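Next come two complexes, and both contain subunit A; in the first it sits with subunit B, in the second with subunit C.
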Partner chain A sequence: MDQLLQHLVNTLILGGTYALLGIGLTLIFGIMNVVNFTHGALYTMGAYLMYLAVTALGLGFFLALPAAILGGLLLGAVIEFVLLRPLRGSDIDTTMLVMIGAGIVLQSGTLWIFGGVAKSVPTPFPDAPLHLGPVSVSWLRLFVLGAALALIGLTYALINRTRLGLAMRATFQDHDTAALMGVNVRLIYTATFAIGSSLAAAAGALLGPVYVVFPQMGGLAELKAFAIVILGGLGNITGAAIGGFILALAEELGAGYISSGYRDAMGFLIIIAVLVFRPTGLFARAERIG
Partner chain B sequence: MRKPTLYPAMMSSLALALTLASGPARADAGASGAGPIRIGVNEPLTGPFAASGTYVVNGAKIAADEINAQGGVLGRKIELVIEDNKSNPTEAAAVAEKLITSDKTPVMMGAWGSSLTLAVMPKLADYETPMLVETSSSGKITTTGNPYVFRISPPSALEAEAFAPMVGKIGLKKVDFIVINNDWGRGAAADFTKMLKDKGVAVGLVETMDQGAQDMSAQLSKLKGSDADTIMITAAVDQLTLLFKQMSALGLKKRIITTGGSQNPDQIIAQAGGAADGTLHLTTFLPWYPDRTPNPKATTYFIEEWKKRGFQFAGVTESFRGYDGIRTIAQAIAKAGSTEAAQIKAAFWAVDFTGLNGQIRFAKSGPAGRESGQSKPDVYLIRIESGRVVMPEL
Partner chain C sequence: MLEIRDLVCGYGHVTALKGLSIRVEAGQLVALVGANGAGKSTTLRAISGLVPPRSGTITFEGRDITGAEPRRVLGHGIAHCPEGRRVFPQMSVAENLALGAYRRRDGAGIAADLAHVYGEFPRLAERRHQAAGTLSGGEQQMLAIGRALMSRPKLVLFDEPSLGLAPNIVERMFSVIRTICDAGTTVLLVEQNAFAALELCDHAYLLETGRIVRAGSGAALIADPHVREAYLGG
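What follows is the complex of A and B.
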């Protein structure tokens, strides 16, 4: 029982950051239809920006976090502006190849600049964990959960409650009509990619201090982000948020009670099941076609 | 269309070119002739083991420079042909093939990880080219009958054997394992389990983690609930750091012993801080106490040279293997009096000198007629105490 409780607490904390990763990618992959292979690299970038802001700039942990997220936003905007804007209208394979190349450049760039030795980000939180009966959780992880939930809420509000969000939804529903209604479509594409990227960077900046920061940390994170997006249904933000928690639960319970060797396979088993039984994702609503 | 139509094609070919980019083509100097003698080095310079592989390569360069400063081998300089196996077994095999067929290296060193080395081994037999194995510790490497393999790192069974006399003194009762899910980790769990059971110590859970995994809370929560007094861990330094931090976050307090020789204790101290206090580690090199190593003079020279080149001290527990590996290969070439693969392979059996972690001398291992070479290095137990490395008196 104690073990189950601990697994559930772990799930909650892991799920928060998985949800962030998933929402960021679903904006780009699901809504913009760009198979974004830079998502993992942006996660890594967020962690390195956090590391730089805390150690080299001496910004302090709580200021470094928004700085890293802002860095991710800018980097995302640059990637969209330089690589994706000229490719709009070309087929999905071309875009995908370019994004694979960009991902490799970003990953090798971090390896080149920072070297392969992992870095650790100092945090202001105490080493001793918080004990809640039989369950222990570190203060840092609690903060990560809180910050992740806040960012998810913010993104949700941005998409559903602001004019920018309205313009985004309009653009991806019908690009031409939105343009005719006076929406600056090119700006919306850049903004969407930048926001999606900043969420990946946020996940990296939050998890970097929890784990260690190294150039390849984004690889597995990216695969999991794709898993979450498929789980929740392409472009479905609520689905991606819930998908993040479901993936975390499957990994925790799978590793805890079935076999830890297959921990990272659990998520992909779920995806296969989802694709077989509910190809549009777990949370797809009935949709009118035509 | 106002959009330049060539752009997409250009971008995709750029992406492809980046993916396929390989090392520069080299003029074919061959194994014979008057040019430098080429030694292939097959190490992970990118991917999860990038840090360790880079350390080994830097150690190898120190050995090559030292040998060349003393006049080289057979009157010729040696040249390291260094290739990145990307921490990926498929790449490691491809790198070996490239080194042998395109660079014509008559002997190689590699490939850090056990899974990487095992992937290379069939190529050694195909091309009849010997390889010095500097780091890998899976038992399979020297027991499957590949006569082209010469290993200076201890297999897990040797490590377990060296640890056996300490088991009673530490007072182990029941041990759980958490190991990296590959040939190295699973091999270590199997060999240590066998030794512990022979000693009457109970073995409980054997948990595994993926080589790129960062969150082991699930496995650790399970270990926390077990009744074992000790957890033995086999993983490289980055995952060890994560494990110690996550154990402390979960309030998991048990005796910890790590194996495998890729712990880099100084990096653990720097990154895990207090979470690493009290942990025990089986290592194969003692850079903290050069006077207690088998060859204090060589150890001191190596550490001085390492520092002079501006590398982090934490790396020496990995890089000394690259240094000893190249020195072993150089001695084999000198004893062979030839740069032919077959002669070098035969001469490995005559190598005999004191390396940084013990006598390097190959004993036969594996099925008769097809034996691999296995040297027997020293194994030490160290403890991290208040951010320092100490040797517990046992």
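What follows is the complex of A and C.
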């Protein structure tokens, strides 16, 4: 029983960052119809930006986080502007190949610049974990959960409560008619890609300090993000949020009760099961962005 | 007010408009009638910037708007009420109307226009929090019209507003369009329902395979033997 409680707490903490990853990916797919193969690289970039901001810039952990998120936002905007904007209207295969290429460039670039040795990000949290009855949890992980939930809430508010969000939802539902309403659709695409990228970077910046930072860390994260998005239904933000927690639960229980060696296999078992039994995702086809 | 000269437009290898020229004077209700595929919708889509013209010019109030982006065209005062209503189905009625006023920043003016639209269409007011996709076809058309008016346009382009609506609602819809024009907004109406459009309008053009083949008052076109033969059932 105590072990189960511990697994559930771990699920919450891991699930928050998984949800961020999934929401970012599903947002970009839903509004732009682009499968973002740079998502993992952006996750890695977020972690390295966090590392740089704390060590080289000496920003301090709590300032470094928004700086890393902002960095992801800008990087996403640049990728959209340079690569996706000229490709608008070309077929999905071309766009996918270009994005796969961009992902490789980003990953190899980090390897080239930072080398292959894993880095760890110093944190201001005490090493001793917090004990809550039978459950123990590190302060860092608690902070990660809080920050992830805050960012999910912020994303929801942005999409449902702001003028930009209104334009994003309109573009998602009918981009031609959105243009007739005066929405600058190209700007919405750039903003969407930038926001989705910043969420991937945020997930990396949050999990980087928990584990270690290395150039290939994004590969597995990207596959997991795809699992989450398929689980929740393509383009479905709430589905992605819930999907993030479901994947985390499956990983935790799989690692705890089956074998820790199968932790990362759980996501792919889920993808296979969902594609066989409910190919549109657990939560039906995207009813709406938001 | 609006003048189109020698407009050529197409999709891929298909040329939809082969040198179309029309004029819309301020305050008029002008109808553009013709069969399915004659190029009526393409004309409207070219005006509002959704389809780039291959050649020809579009001027509005003396300004060249040929090939301008949709939001620029809207900014000059042209609203487009698209074919098939195209309301945002998963958004509420209120959000759809808010999108109509998307480029406006005058809060008080928007509130006044919103009150006006709700006054004109009380059904929309009753259902303001309901998703637009759950409305009936007629209500969706009223919402599309209301949404177009929310930009406070000088000219409204209506694309097949009668499509798929019950006859009594079609009648009401045409009277709404006449009222809009009488209140001072210029209207360019595209319709397959030629008789109703010709009865309603001040001036009309007949479009066949990408070219204007007849122009004149609605009454003149109704009396025209070719129009009677081909469009009004003899």
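Here, the second predicted complex is superposed on the first by the 283 of 290 C-alpha atoms of A that agree within 3 Å, B and C clash if a C-alpha of one lies under 4 Å from a C-alpha of the other, contacts with A are read in each partner's own complex, and residues count from 1 in each chain.
The definition used in the following text is that contacts are C-beta pairs under 8 Å (C-beta built on N, C-alpha and C of every residue); 3 or more make two chains touch, one makes a residue touch a chain.
Keep in mind it's a predicted model, so treat the numbers as computed, not measured.
Asker: Following superposition onto subunit A, is the placement of subunit B relative to subunit C best described as a clash or a fit?
Answerer: fit
Asker: Could you tell me if A:Thr162 is touching subunit B, subunit C, both of them or neither one (first, second, both, neither)?
Answerer: Neither partner.
Asker: Which partner does A:Asn33 contact after superposing on A: first (subunit B), second (subunit C), both, neither?
Answerer: Neither: A:Asn33 stays clear of subunit B and subunit C.
Asker: Pick one for A:Asn184: touches subunit B only (first), subunit C only (second), both, or neither.
Answerer: After superposing on A, A:Asn184 lies in contact with subunit C but is clear of subunit B.
Asker: With the two structures laid over each other on chain A, which partner does A:Pro129 touch: subunit B (first), subunit C (second), both, or neither?
Answerer: After superposing on A, A:Pro129 lies in contact with subunit B but is clear of subunit C.
Asker: Check the contacts made with subunit A and report whether subunit B or subunit C touches more of its residues.
Answerer: Touched residues of subunit A are more numerous for B.
Asker: If we overlay the two complexes on their shared chain A, which of subunit B and subunit C does A:Met217 touch? Say first, second, both or neither.
Answerer: A:Met217 contacts subunit B only, not subunit C.
Asker: In the superposition described above, what is the shortest C-alpha distance between subunit B and subunit C in Å? Please give a whole number.
Answerer: Superposed model gives a least subunit B-subunit C C-alpha distance of 9 Å.
Asker: Share the list of subunit A residues that count as touching for subunit B in one structure and for subunit C in the other.
Answerer: Touching subunit B in the first complex and subunit C in the second, no residue of subunit A appears in both lists.
Asker: Touching residues of subunit B toward subunit A in the complex: what are they?
Answerer: 3-4, 7-9, 11-12, 14-16, 18-19, 45-48, 50-51, 53-54, 178, 181, 207-210, 212-215, 217-219, 221-222, 224-225, 237-238, 241-242, 245, 248-251, 267, 270-271, 273-275, 312, 315
Asker: For the complex, which residues does subunit A have touching subunit C?
Answerer: Against subunit C, the touching part of subunit A is residues 163, 166-167, 169-170, 173-174, 176-184, 287-288.
Asker: Write out the stretch or stretches of subunit C touching subunit A in their complex.
Answerer: Those residues of subunit C that touch subunit A are 48-50, 69-71, 74-75, 79-80, 82, 86, 88-91, 95, 98-100, 102-103, 147, 151.
Asker: Which of the residues in subunit A end up touching subunit B in this complex?
Answerer: Residues 2-3, 6-7, 10, 14, 83, 86-90, 94, 97-98, 100-102, 104-105, 108, 111, 115-118, 120, 127-129, 131, 136-138, 140-141, 207, 211-212, 214-217, 219-220, 251-256, 259-261, 263-264.
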